[in-house]
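One chain, chain A, appears in both complexes that follow, with chain B as partner in the first and chain C in the second.
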Partner chain A sequence: MKALLRSIAIAALAGAGLTLLNPIAAVSFALAAETAAVAGSHVTDEVLVKFKPVFAAQNRTATVAARGHAFLANLNQSGWVRVKFGARQSMAQALAAYRNDPDVEYAQPNYIYRATAAPNDTQYGQLWALTNIGQSIGTATYTPASGTLGADINVEKAWDHITDCSSVVVAVVDTGVNYTQEDLAGNMWNGGSGFPKHGTDFVANDNDPMDLNGHGTHVAGIIGAAGNNATGTTGVCWKARIMAVRVLDAAGNGTSAGVIQGISFAVSQGAKVINMSLAGGGAFDRAFSDAITHAQANDVAVVVGAGNEAKDNDAGGARYPCNFTHPNLACVAALDQNYALASFSNWGATSVDVGAPGTNILSTWIGLSASIYNTISGTSMASGEVAGLAAMLRAYNPQFTFSDVVNAITKGGRAAASLAGKTVLGNGIDVMSSLAFINPPTGLTATVQ
Partner chain B sequence: MRRLIALAVALAGAAAGCANGDTPGKSEATAADGWSQQRRVPGEYLVTLNDDPGPASMEKLRAGNVHIKSVQPNFEYGIRGPGNAR
Partner chain C sequence: MIDARFIAAGVFVAAGLSACGGGSGESPPPSVTTHSVTLAWQPNRERGVNRAGGGYEVAISGEPTIIVPFTAGPAAPTSTIVLLDSGSYTVTVRAFAALDPLGGNTGSLSAPSQPLTVNVP
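Right after this comes the complex of A and B.
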């Protein structure tokens, strides 16, 4: 079926007169169609029928044929058979025909099931941002601590297609990263002999970016804690390459100088996504802006948090880096477990690009034990979700530019009522939709004949 | 005494001093000699001042020196999140 849908998608695009320069885009298009088909939930022209035990097995075929249906198979010893009723009847008519038959005990649709790639991590049930089943978060520090079924980033469907983002280096420019944490150790960037501890430190000015605060480690876990390893949590990406760039001290504070050095390092060492869950005041920071321009020139996508002061970043009080207008930068507001704007989150109809889960987020932490996790809230956490999505998009579409990535994140998101008028498009992120999002082709020419 | 690190784009400090006829001290000359051994970003210097004359004075300094393209404060950034440890 998947191959058929891909063929249909490609044929449809070809019929529209487009030459596909990007075959992966066609596959993405097909994924969307496949998802829609699965949403039908049952085979449209089949029913399953259970005959009563007293009804002789050898008479089942004749009973089915008498209704003009096709007997497909005996399913088991208890009398269930599979029947194809064809296009002349509706599902309701076919079911009614068998349910009214005194020889039939039960009839039902032939439901469709599909494998979902839910990971086996031990604390996966607490990760409402990834799969929200309305669960209560036991370690919650933000109210509400429970939410709405389906109010999540819709990542499980995407995991059917990609879980490994390790082809993309993601720099976490933050308080450092606890690179010995059990869910992060295997997903850290390999810096070779020059950077054997997976990054660098512009606070202590050495090459050991160990986190002394916890914030950077938490964000790193949201992006790429090892998934499906029967341990702790999972990130948006099950496999990742996290580069630790320490620019904030143990109290979580840093300066322009450290940040621009951090960005320069990340770019020069090959990062293609930079997460910066930090914020400053309202003064335009030319040096910081220039650093993001440098990242843009090197095709690096930058994801930042909107800030946690419950204010409008557009209304007289800019918050940098969120308010920078670079096309490679995505600024993120925080959503709660009902996909409402979190009470602390900043917003901005022109400065904030998208929303993502940011309350009661469980992720990796710091401590003497390698098995420590923590639940915290903030637009920093929301930024981490989006950075993970950016890495996944680039891993899935290696030819994507920063522009493609930002487009797929923002335009591929789904509408969240609480974000209407508070972000550029009023969307919260939707990983599967972004993965299936086709960026409008550029550079095409057409001739009318 | 609070120190301010000014991020100056374009040649600053020593070159400006030489243009005014000042002679760099021996220790400064030694440090500058060492700089040539490491790769650096052309036109950018980190300058640490002995005190903080304030942004207006720094802008005045920039305006009076053709080598300095821009000067800005070293702004502070932070995580400022409402989260707390479990």
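Right after this comes the complex of A and C.
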């Protein structure tokens, strides 16, 4: 099949009117595409070769040896053998050598298979947003408390490719973060001697952003609770760098002044994702808008919740920051365990970008014990899922800009019927799909000589 | 096989299509001129495009698709040189990578770039 494709490619390129100056590139593509398609997922110096039935089995070893390769084993299928070709050849060369052999029916890489690993966190089974198997949530506060198989953010497959987002600083601009919580302590931002408690506090105006409410800690855990540590929950990212920026008090209230300072701090300290699970009234807040513009100018993606008033944000009831139109801002609605729009969630066909799980979300919390977790609901939780995805995208694609991140989140999502007409594209987030999303190339030019 | 000397010179007159006159009384066919055209675009920032299994495909109206794969180094090539006969062409570029949206290796393809009209004299 691949050989056929290669022939077609060559023949096509030799067609009238157009010729590659380096047609060898087309030849190498077919092989490169195959070997590349499995890059990292095959044994690097082995191939499997299927000899034709008419080729005597006793001659296989000699044929392999004649190429300078090592015959490793006869497989328990007719004609298949396992061959080691060594370091002097590439996979493409080894495959080509056997495929050009008239005694060989087929040759392929020796692929590697792995069990798709779910993390071993003790409460992972309650995290329906990450893997929905229709489980009932024991600590639910929202009905329904059970859901639909597969109605989740499809993150387990993405974890086969990346779990560590610690190259990206995520600022949680909120009520602070319980940085001593067992699943967060190891994933907090290192603020050095200037900010030894992993952030700062614009409520008490000191450098201790300890959470006295729980909300910010909960969001932080959704983004980056330590994963696969046999403890509690896991975030979208198993490893993260969470910067705690306290702008809301113990009652969950704050002001424009505090939020603006918080954003400015996060940007100046290198955050590339800011989560702001907060909302205000309907008045346009110029100072807040300018702060997000400042974040945009510094290539920072900002993720916010749509609000919890069960309102249409487009219908005369603008909610800021959701209704800001900055290209670096993504606003998130909440979905329930059946991927229906949560009963409390705001929506907006032009102002809300995407949906994500936001009901009965178990995550890290505050308290005297370091082992406290809590289950709550809100678009804040949905925002946390998206901020985690934003961090993962930037960690996986280090050259990504905020624009790439927002595009991959929104356009890489998957359609959710409940979001049709309720968000810009009608999509809920899909982590694996966003990870695979590719932006269209730009800046195409032609020079005729 | 196209003679590299003609390509280097940038202009290639296709053999057999140049005017040759003749005594039949028919008008000679118009000569077809082929030009070397460099197509270039901005690099994509997705990791998968700039590693094994990634690259770009260039679509030119009426012509076979050209694959520009990643081969080595930090990024996939972002240009290609083609020979085009006189005429008007619409060109688009798409990026591809090995990873697919289901987490497998069947590959992903971007949407096309904004189309570019290329007029070859």
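Heads up, the rule we're going with is that the second predicted complex is superposed on the first by the 330 of 449 C-alpha atoms of A that agree within 3 Å, B and C clash if a C-alpha of one lies under 4 Å from a C-alpha of the other, contacts with A are read in each partner's own complex, and residues count from 1 in each chain.
As a working rule, a contact is a pair of C-beta atoms (placed from the backbone, for glycine too) under 8 Å apart; a residue touches a chain by one contact, two chains touch by 3 or more.
Here the structure is a predicted model, which is why all the values come from computation and not from measurement.
Once the two complexes are laid over each other on the shared chain, residue contacts for A:T445 go to chain C alone; chain B is not touched. Once chain A of one complex is fitted onto chain A of the other, the partner contacts of A:H215 are limited to chain B, with no touch recorded for chain C. With both structures placed on the common chain, the touch criterion links A:A436 to chain C but leaves chain B unconnected. Look at A:T131: by the touch rule set out above, it reaches neither chain B nor chain C.
In the superposed model, A:T410 makes contact with neither chain B nor chain C.
In the overlay built on the shared chain, the residue A:Y396 is in contact with chain C alone; chain B does not reach it. Looking at the shared chain after the overlay, A:Q181 reaches neither chain B nor chain C.
In the superposition on the C-alpha atoms of chain A, no part of chain A is touched by chain B in one complex and by chain C in the other. Per the touch definition, chain A reaches chain B in the complex via residues 139, 141-142, 174-175, 213-215, 218, 247-248, 251-257, 259-260, 264, 277-281, 283, 285-288, 307-309, 320, 344, 365, 373-381.
Of all residues in chain C, only 2, 7, 10-11, 34-42, 44-49, 51-56, 60, 62-71, 80-85, 91-103, 105-114, 116, 118-121 touch chain A in the complex they form. The touching residues of chain A, counted against chain C in their complex, run 9, 12-13, 15, 17-21, 25-26, 28-29, 32-33, 35-39, 41, 157-158, 160-161, 396-401, 404, 412, 430, 432-433, 435-449.
Interface residues of chain B facing chain A in the complex, by the touch rule stated above, are 5, 7, 41, 46, 70, 72-86.
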